[in-house]
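Two complexes follow with subunit A in common, the first pairing it with subunit B and the second with subunit C.
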Partner chain A sequence: MSNKGYAKILSLLILLGFLLFIPSVLSQYSLHLMILVMVFVVIATSWNILVWTHQISLGHAAFFGIGAYTAALMYNAWQLPIYFDLVLGGVFASLGAILIGVICLRMAPWALAIATLAFAEAVKILVIMLPGLTEGAEGVAIAPLYGGGETAKVYAYYLVLAIAFLTVLMAYLLKRSKLYYAFTAIHDDQEAANMLGINPTKYKVMAFTTSAFFVGVVGGFYAHYISYIDPHGVFNIHISVEAQIMPLMGGLYTVAGPVVGAFILTLLGEYLRITVKTGYLIIYGIILVLLIFYLPKGLVGLVEGWTRRK
Partner chain B sequence: MDLATFAQVIVNGILTGGLYSLIAVGLTLIFGVMRVINFVHGETLMIGSYLTYFLFTLYGIDPFISLPLAIFVLFSFGVAIQRFFINPVIDAPHFNQILLTFGLVLILQNLALILFTGNYVSMTTGYSAISLKLGPIRMGLARLTGFVIAIVLTVLLSVALKKTEWGKSVRAVTQDREAAMLMGVNVDRVNILAFGVGSAMGGAGGVVTSMIMYTFPLIGMLFILKAFAIVVLGGFGSIAGAVVGSLILGLTESLVTNYLPNGSGWAEGVSFLILIVILVIRPKGLFYVE
Partner chain C sequence: MALLECVRVTKYFGGLAALLEVDLRVSSGEIVGLIGPNGSGKTTLFNLITGLYPLSRGTIRFKGEEILGFKPFQICQKGIGRTFQITKLFARMTVLENVMVGALYGKGKDSDDLKKARLTAEAILDRVGLGSKKNARVSDLTLEDKKRLELSKALSTRPGLLLLDEVMAGLNPTEIKEVMELIRKIRQDGVTIIVVEHVMHAVMKLADRLYVLHHGEKIAEGSPEEVSKNKRVIESYLGEEFLLASS
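This part shows the complex of A and B:
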């Protein structure tokens, strides 16, 4: 392994050590922010996997919401250990993804984008309109995670850190696996990939399902952590927007990009929400437009550009 | 089933469909020419509706006078958006274009939120309360006028597409961009004009919305989702398809609202259901132009 490789691993270990250590120094509020950052690391990383196969989802809120509702309703019905809920949340989100997959993964990317958006809205309306099952627009309350309180927050942080770690690890391994070559082939030229014996639909559904699974799991975590969910909150279109803008800011097609984007934008978003209050999303819009024009490869692309030039 | 009620439900559906067609026709025109998923289109409606609202409440200007003004303003707006934002990324991946128009939506929506607050506002014109009676059927004058405006503008656009030089260029580019370019069609000009005209239609939709319902900063998102459903339903790029799709959606919503328990809640989801069903049975829409 090259020196650069060792340097990379070392810096990753330092980062991980740092993340494991911070609960002991952070205030409750900062820890809450770090938990949100980790939630978005999962969403952004999962969303980015789709881009590898040239698919755009504008509806990742659907998977987040499905995960959250599955976990909340399961827990309230049977009080299983929460890890079951989280996995079930992921499984149900994946089922949703397979449904979309069967319906429309053969469509052009733009049509898929609209279909996913419609899917998220459709699921939201189902949740609102079936109060017998979901308690409708009122939302669902769940017992706080690990009994609530200060130590519970630390545990919650470690739990979501573990989920985020697994998601990023999955993305990393996926990127180094043979699958990634199939993904890239589909991304570059679907027809050609098909002729070489790569079944685009199979791989697209695979990427979509994987992506949805992790978002569903973290949706389940969010429901337990926040201990109250409602359809307009967890199926919010802004979750789908964040899912796109974070990888774009960090750098599409990379593993580090969505993580970097999630850190910066979650913290920036929280800062803006508190200071600007009304209409703070305007800043997001401006960032999005500027990124498309001046930094389509994201921050990671920028840094790689620098190091290569040296 | 009561026949009079049924007739009323059908009439309501057709009137709503007319409003939808104003928005969907512009969207499908833009898509046909440029193959761009234009989320900004919903915001042309938002701007048009606030323009009408403020002209009326501040200066007492009737929506009928605001209509040509809104068409002009939103035409210019569309031209500017195309020229400065869409054109530079016209050859970039779909992905970048979608995110770009999404970014513009966030900017416009939140600008409106900052300037006008998130409150719903509506206005009362002298004819708001007047309704016409046709046998057992009642039609609000404002809604009927909105429908007539929609029909007139759509017919005008269709005639322009059939008869004028520009219209022929638009259809040529819609069918085959490369070939049109080789035949000497100035594609840039066609793009800019199509975007302007499409946005103007959206603006007119805004004038009608503020006449018959209300407006608020996020109204664009409400309509753009439906408009996309309609455009997919009718086939991307097809004007006739957009009109038929609008009527289908308007009628279905009206029927669901009246004949299902809790209908108005379900009606909100009908467009998405139709969208998904159409994508399954006919992925390219009912009137797809190759």
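This part shows the complex of A and C:
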């Protein structure tokens, strides 16, 4: 392995050690923020995988919400072990993705984007209209994760860190596998990929379901962590928007980009919310526009450019 | 038995017949030329053979098996490879990675083994003369290299039948000579080839037999010598100048 490779592994180990260590020094509020960062690391990384196949989703909130509702309703009905709930949340979100896939994946990327946006809204309305099953607009209360309290938050942090780690690891391994060649070929020229033996529909559905699965899992975690969910919260378009902006800002098509984007934008958004009393979203929006305008390859692209020049 | 057999192949786009009742037979080991003016249906025939368009009428058999209704990726895995007139390269990949795609998913299927696919791709790149540029980006390649890469991608799927769509267009005489030599070498490796080409002197030297299309209909077939003397072909495509130049 090259020196560069060793340096990369060493810095990753340091980062992981740091993330494992910080609960002992952070306040409850800061720990809560870190938990949100990890939730968005999962959402942004999963969304980015979809882009590898040139598919754009404006409806990732649907998978987050499906995961959250599945976990909450399953837990309230049968008190299943939490890990089981989370996996079920992922499975149900994947089933939702297959449903979209069968109907919409032959569409052009922009048409698919609108279809996914409509899908997310449709699922939200369905959840509101079926109070017998979902408790409707009132939302669902669920017992606090690990019994609640300060220690529970630390456990919750480690749990979401593990989910985020697995998601990023999956993206990393995917990028080094045979599948990445199919995904990139489909992204660059679907017709040419088809002529080289790649079934585009199969691999696009695969990317969609994988992406939805991890978002569903973290949606399930969120339901347990926050201990109360409602349709307007977990199917919020804000989640779908952040899912795209974070990879875009961090660096599309890279593994590190969505992680960097999730860290910076979650923390920046919170900082502005506290420091700017009114209209903080305007400043947040301006910063985003400037960053995307001046850094089209994202922050990771900027750093890669620097290191290449050296 | 013919390797490829097109029987009364017809394709309508709306009311327009792009191909009408075209018959074509290609035997193993042949190089067959497909010529005709622009819009005569040559590329459409390639698109029908490779499953990009469905046929309106007729049938296509490959190794005796009817391949109607198969998707392009299935036809590729049966052993038909093709290049595109306007190269279709994967811009975010290196030259080597472009070729690895076909090695991983084509007929040869180097299965899940990336190392094996890499070796296959390197061998193909060496064969077509792109070995030294394997780590280059597609955007850094010259037109000739892009054509060579397009050919390498098709070869990486290990085709038994290769359809080449104007691989010599835009190249200078020296480059054309090199590509002709390359096509002959590919035939020697046991690959049957159909070439669509407008560079007449090249296709006349290269092909064992020619088919001539005009307004979607086959107007002539035979050896290059026979075809070049065919009155209808001269009138509709080659022109008197070709006859004078070749005599």
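Assume the second predicted complex is superposed on the first by the 301 of 310 C-alpha atoms of A that agree within 3 Å, B and C clash if a C-alpha of one lies under 4 Å from a C-alpha of the other, contacts with A are read in each partner's own complex, and residues count from 1 in each chain.
Simple rule for what comes next: contacts are C-beta pairs under 8 Å (C-beta built on N, C-alpha and C of every residue); 3 or more make two chains touch, one makes a residue touch a chain.
Predicted model, so just to flag it, every value in this text is computed and none were measured.
J.: Between subunit B and subunit C, positioned on subunit A by superposition, is the outcome a clash or a fit?
T.: Partners fit side by side after overlay.
J.: Could you tell me if A:223 is touching subunit B, subunit C, both of them or neither one (first, second, both, neither)?
T.: Touch partners of A:223: none, neither subunit B nor subunit C.
J.: Using the superposition on chain A described above, determine whether A:178 touches subunit B (first), subunit C (second), both, or neither.
T.: In the superposed model, A:178 contacts subunit C only, not subunit B.
J.: Examine A:187 and indicate which partner it touches, taking first as subunit B and second as subunit C; both and neither are also allowed.
T.: second
J.: Look at the residues of subunit A and decide whether subunit B or subunit C touches more of them.
T.: Touched residues of subunit A are more numerous for B.
J.: In the combined three-chain superposition, what is the angle centred on subunit A between subunit B and subunit C, taking C-alpha centres, to the nearest 10 degrees?
T.: For this superposition the angle at subunit A equals 80 degrees.
J.: Go through the superposed model and pick first if A:246 touches only subunit B, second if only subunit C, both, or neither.
T.: neither
J.: Looking at the overlay, what does A:107 touch: subunit B (first), subunit C (second), both, or neither?
T.: first
J.: Per the contact definition in the header, classify A:196: touching subunit B only (first), subunit C only (second), both, or neither.
T.: In the superposition, A:196 touches subunit C alone.
J.: On the overlay, how many Å separate the closest CA atoms of subunit B and subunit C?
T.: Superposed model gives a least subunit B-subunit C C-alpha distance of 12 Å.
J.: Which positions of subunit A sit in both the subunit B and the subunit C interface?
T.: Comparing the two interfaces on subunit A, one with subunit B and one with subunit C, no residues are shared.
J.: So in the complex, the part of subunit C that touches subunit A is made up of which residues?
T.: Within the complex, subunit C contacts subunit A at residues 50, 52, 71-73, 76-77, 81-82, 84, 88-93, 97, 100-102, 104-107, 109, 112, 114, 117, 153-154, 156-157.
J.: Subunit C touches which residues of subunit A in the complex?
T.: Subunit A reaches subunit C through residues 177-178, 181-182, 184-185, 187-189, 191-200, 253.
J.: Using the touch definition up top, name the residues of subunit A that touch subunit B in the complex.
T.: Result: residues 51, 56, 58, 103-104, 106-111, 113-115, 117-119, 121-122, 125-126, 128-129, 237, 241, 244-245, 248, 278-282, 284-289, 292-293, 296 of subunit A touch subunit B.
J.: List the residues on subunit B that touch subunit A in their complex, please.
T.: It is residues 35, 37, 85, 88-89, 92, 94-96, 98-100, 102-111, 113-114, 117-118, 221, 225, 228-229, 232, 262, 265-266, 268-269, 271-273, 275-276, 279-280, 283 of subunit B that touch subunit A.
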